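Presented below are the structures under discussion, each in the form of structure tokens.
In the two complexes below, subunit A is the common chain; its partner is subunit B in one and subunit C in the other.
Right, the complex of A and B next:
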């Protein structure tokens, strides 16, 4: 039992001391058994106080330390580190939360908040009395990373991980790389072309020996944990051999009798069953869309490199970290949402982008010349009725840029923007100015009174009560209506479900901390990058990809990792193997083993997170959580009562 | 050159972007020098109240990061110092000249007891409280500063010697002189942050003419846990305000003051402050005058909706003129866009949501090579969409708001990008 425990009670600059009488807490705690030092401090986390704590621990030979401050989520690591710097094993540190659990929760009842804070700190002291020194679990970390998704964020992070000296497995579900950026023509605000960006990245990636690219590949299972993940990949065949003759393949493509909607062009054009999305796409080898293919054999006759006998492959890879860059889906408007699918001249922003990229000389859609274009903003974003409450961030600027580019290419067009307030943040504002100077017309409404699309006598009328002109009703006879569709999380979340990645309110993958840890997830070793975490433009996706890369790199760069020793341990003798613990374990850390005498549960120490889920289900009390033993918990309860 | 003067990376600026870049490098084994011109690291973030949209206390989430930076064995920090000059000799070989300005306090010996502060007879405006209150000439920059040690403001010091006499550890040393030295590094990260727009450039907003017109950064201080008055009050007469106006786009989206771009953060910090004020002053009316609300980031739109739900009034209209009327109250003249008429409204306190301007001067550090800037004087990003942190000089990277306005998460992402590119650069040249 410890007799030299130091207790620090934090004011949190008023966050605590405005409601909890910290001096009173200090006086109450001073008398507790084992407490040899107690202090109050304005900011326990401040560097100066940390210094003081180190001195105190050293000078007084403290055996245990308690800080009563905010949530352990914020500062447990901070104070454990302080303890360690003072030469005391960091597991002798116990955190007491008197902010979220006392001062903030009971800001209207100061006396009671103080009482509660005293109890909380007493319980922490009780735990500290029994705390023991522990050593972290050391594991080897594989110096390789799986990057899932070869869009712009995945490509760039794979490239820089390789440059930093890591082996990279770049896994793309599609048969071609480049994701959404490949589908974009001129990009704001640099006017690079999307496919040029992808070509540049692809060329660099193909020159790296330490990047293995898999296309048509999906992760079908995963096991293990940080430092040592095992992934199983299913790789679909292209049905065409490498090093095939390009000319013959082109002839085969031309000859294919099957035509299906071309998803690359958002279905505004058709493609063949053997196809490439655009010339110069990567990988350069076409693919046979086996679902649409009728196996008529025409292509085989032209090109002998076509091989329908190719089978899907299953590959196992072993990596230390996973970087998720799985991107987004464009919002799909519902039927009749702003006239979508009611009139064939109502299209989405991605379709408009492909239309502009693929049109020359004059702008026409479905053989009708386009003069007046109406852009309706915030379709699928900032919804009043629907689920998507968030702003999709990229669409205002992208639309304005697309309108400028369209006007450059087809000067006779008129652009009408039906907005809910333009959000060209930062330097993108310049594009908005440019567009205004171009003569584009901007109209605005609020959420509760959006623009309407009326289809009357073969005309498509867009109507708005324009707040910029005193709510005047304005009608535009539009030849083309472009629905400015936002970003939505991937509809197919199989990869997220596989890794059990938490999602936020907006259904995008959730980071640990929105402000300071935007690319790390609660699953150790898995980082998130690009638009799978939330809407982003190209530059922002690259920044996020590179941030995720440096975090993933730090998990693997040293070849060794230290894990928390606070895990569940199984008493083999007491275990009767009922399997209940294995069934509730969210991490799959518990397996059955047999030593020839009996079946019993064993724990994979590097997978266990110490969540404690297995403890209450065990019928024989055979499981104990290190640092949270029955003895420790009971002593805390005694202190509380 | 001794090992002491050789580092892998020089990070110019110890705000949140510079700090995060330095940590990313140091955590992967690289030796980093941070040069910070202020007396403490932590930049603007450490001085904020709470952050949007999580409403985390800024001090609470910044201080652990700051202390991690400060105590990292591979990170050296020079506070109160300037980078005078950086020259690229070859790839992976830069020389930089640093000036360490004297603090007139022996940092290692100072315990932060503040006795010098109490003894000092000189009172001057406190720059870390944005002049809302005074400080002494011998002073600790602010409560959660890192390092939390005293400094002497020699410009205002009368050399009376009171602090020297009061100091129990005899750490005050007026004999200190500026030190200049040369260091060698292999890569440079520019994280010099931003400046705030000076509202004196818009005289019709009556800043400084009327004490009850303050800037948003002053409001941050009024709301912060280490706030000067422990409550919200009008600087003019100490009255608790009950009708507060926010003037968005003060110095942003405004060619008349030479800044055509949007500052990206003002809408959100104003909405955040409005929410905090509703908590601190439950009876107060808060009105936000705006051109467009730009709540574009993760959770931002929901945060904006939340503010509307709490009762913050949003008025679409740009403020033309602010005039002080009786009792220190202020009359705001604006066009109410929704109604298409010019109106006037009376408020008892006005917060100018000042914009983000480039921290100029960084390009002057590079004389042998040209560090290009963009038309708005932010650091130019020649490969914006593929390598946003690259600058016009290979091996020099930009992190955070030095390249343009951005909020904290975007600064963290940008810092991540800069450090990754820096590590790649270090690997490519010296494997």
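Right, the complex of A and C next:
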């Protein structure tokens, strides 16, 4: 029991003292057991008072400190720091809120407000008497990070982590790196090509000894927690030996008789079963798509480096943190949505981008020359009826940029934009102007009256009631209709399910706090970056990749982690393992264990957040929360009554 | 329903538009316009029709004529899409559409053609004078009758049919039902606007320009009357002689000021000049200026030895009467006042029904 407790009662300028008689509070508290010093102060948080507190604690060898002022959300950290500066363990500090809970709440009843304030401070003193010094829990943390997804966000964060001296396992499910960005030709507002950016990043990655890249790799299981995750990877073989002869391989590709839709070009072209996406792609080694391959053996005869005996590998990795950068899938329009799959000349924006990138001299699609292009915006985004309420943010700019690029390449074309309002925010606005000056026509409608795609006598007519022209009905005869499809979460969410990553309303992975903790997830040690978190453009993806890298680094940089000591502890002897605590724990920190004599609950100290959910459900009262023990809470209640 | 026609925008460029396609429909132009009203809101609507190539709507609209080009819309346009110059270009385009001969359109679009036409007329006049052995009396006599004849012919053959076409586009085709009484009652508007251009006073800070323009109109009409009906160059009456001098001075001083404005480009209205604008103002200036000197030479007895001054005057005059009046900017004098007249008819018919 402490006998030297210092109590400070704050005026808060008048916010408290105008309604609560702080002198009276001080007089009442002075007499409390254990209180050796009590003071009032105009502003407890002021620098001068903080210094005075430090002096008081040192000179009087105070064992506990209470400040009665505002909400602990505002200044608990401030005063804990004061006690620490004075050499007193910060858990000996107790905060009493007499502003929000007394003066502001009862400004019309001053006497009662004062009485209530006295009780609140007494309760705080009661807690302070029993408070004990605590030290942070220290756990070992592996100095390596797994980056899942080698798209632009993953590549950039892997590089950044490697630069900071961390071992990086870069895991890519596809056989080639670069993700979506590798699929884009010219990027907007900078003069780069998507694949050039990827090859620059690849060159940097390959020069780093502390980055291990796995392609064709999937995470199949995971265990452990922050500082000590264990992942199991399944790595598919390429069926081709490294250092193969490029010429022979090209001949093998040419000879392959199997043709399947090329996903790299969003299925508007075909590829072979042995393939690479484009010259100079990384890794610069083709792969055999074993699902489509008929094993006819034609390629083997041409190139002896092809080896069907290669087997998939399973490897284990041990890391301190996981950085998720698994990207997005473009929205797939439903059948008949704006004529999709009803008419051959209705395609999506990603398909259009590949079409422009692959076309030269003349723009044609399915052997039909293209003159009039109709872009229909917000397909799969900002849906009134559908699931996707959000704006995909990148599509207005990308479409306008694609229209400009197309016009540059094929000056004869006409672009018609059927929009629901253009959002080319920031520097991208100049593209909008450029496209307008190119003579592109913009039409607009509200969500309840969207543009219509009509197939009439073999013609594809796009019609709209243009709200910019007195809602007049206007139309065009389109040779190509491009559905401006937004971003959606990955259709295959197996990785999210594996890690039990929470998803937001829009089904993308969710951060803890949109503004204050934008790359952290509720699972300690797992960060998110790029478009797996929500629609982002290249620049934004890289930004989030960099910040996730720094956050992941902070978990592993010291080789050990300091965690908050206020956690729940389980009394093994009292525990009868009913499993109720494990069921209510939102963090999955409680597991069952058996020592050969009985089943009992065991707490993972690095996962417990000290929320206290497990306490009330325990039938044998076997769990106690450090710093909020029954004894402490009971003494506070006694003081209040 | 109408099909979007992007070629129209390209076509309109030849009539003088400047970047109007940069418009992103904020509507600032319409908000700042002091002549735009809720019922007659412009210029954004016209920018939009132009972007979509809705020619029928533009032909049926009088809005281009309701704008008197103060230039505020252009000053406030965040996209520098020059709505003011678009309205000006639409007036040129409408002038070309009203003209049944189609010559206006050709001349607006091609300066080369305009130049050749002007040159041919000059050569023709000189050839005629050569044929007449530069006989002063015959040529001056001819000149006087040419003026009378030209006024009549241009009105009868070109301008009246064109006005009928304008009426067709804006009243008959849109099926405005107006009886004769409405036409009669609205006639007052026609003459008020023809001779006062009072709507131009609705533009902010436009008093000086309005005044200059009005005295130019009066000076021009009066000089036409003085030379054609009072036969100024042969007059002996002192009053008529002085009247002619005053009128011609008014014309060349005001037009000189207008030319200066187009060179200095301080005001929006004068920033973009098409060949048709230059021709109009320069030829009006030359007419006033040469008429003044012809009469001065007559009064000083110099004309016999300096007959070239009259030849110059008659060349300018024939070019003016044969090209600029029927196919050039001159006709805005009629279309603007008739637009106010038709607008009044449409409004009265609307009220009645």
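Definition applied: the second predicted complex is superposed on the first by the 428 of 641 C-alpha atoms of A that agree within 3 Å, B and C clash if a C-alpha of one lies under 4 Å from a C-alpha of the other, contacts with A are read in each partner's own complex, and residues count from 1 in each chain.
The criterion applied here is as follows: a residue touches a chain if its C-beta (ideal position, glycine included) is under 8 Å from a C-beta of that chain, and two chains touch if they have at least 3 such contacts.
Model, not experiment: these values are computed from the prediction.
Visitor: For A:389, select first, second, both or neither according to whether it touches subunit B, subunit C, the two together, or no partner.
Guide: first
Visitor: Can A:422 be said to touch subunit B (first), subunit C (second), both, or neither?
Guide: Both: A:422 reaches subunit B and subunit C.
Visitor: Check the residue A:433 against both partner chains and state whether it touches subunit B (first), subunit C (second), both, or neither.
Guide: The answer is both, since A:433 touches subunit B and subunit C.
Visitor: Tell me which of subunit B and subunit C touches more residues of subunit A.
Guide: If we count touched residues of subunit A for both partners, the winner is B.
Visitor: In the superposed arrangement, which partner chain does A:441 touch: subunit B (first), subunit C (second), both, or neither?
Guide: second
Visitor: For A:473, select first, second, both or neither according to whether it touches subunit B, subunit C, the two together, or no partner.
Guide: second
Visitor: Per the definitions at the top, what is the overlap between the subunit A residues touching subunit B and those touching subunit C?
Guide: Residues 422, 433, 468-470 of subunit A touch both subunit B and subunit C.
Visitor: Tell me, which parts of subunit A touch subunit C in their complex?
Guide: 414, 416, 422, 432-433, 436-437, 439, 441-444, 463, 466, 468-470, 472-477
Visitor: Considering only the defined contacts, which subunit A positions touch subunit B in the complex?
Guide: Counting only subunit A, the residues touching subunit B are 12-15, 42-43, 45-48, 50, 70, 74-75, 77-78, 81, 85, 152, 156, 160, 163-165, 187, 189-190, 192, 197, 200-201, 382, 389-391, 393, 421-430, 433, 467-471, 504-506, 508, 513-519, 533-535, 538-540, 542-544, 546-551, 553-554, 557-558.
Visitor: Which residues, counting only subunit B, touch subunit A once they are in their complex?
Guide: Of all residues in subunit B, those touching subunit A are 20, 24, 27-29, 51, 53-54, 56-57, 59-61, 63-68, 70-71, 112, 143-144, 146-148, 224-227, 230, 253, 260-264, 292-302, 305, 316, 337-340, 374, 376, 378, 384-389, 404-406, 408-410, 412-417, 419-421, 423-424, 427-428.
Visitor: Please name which positions on subunit C make contact with subunit A in the complex.
Guide: 1-4, 6, 9-10, 19, 21-25, 45, 48-49, 51-52, 54, 79
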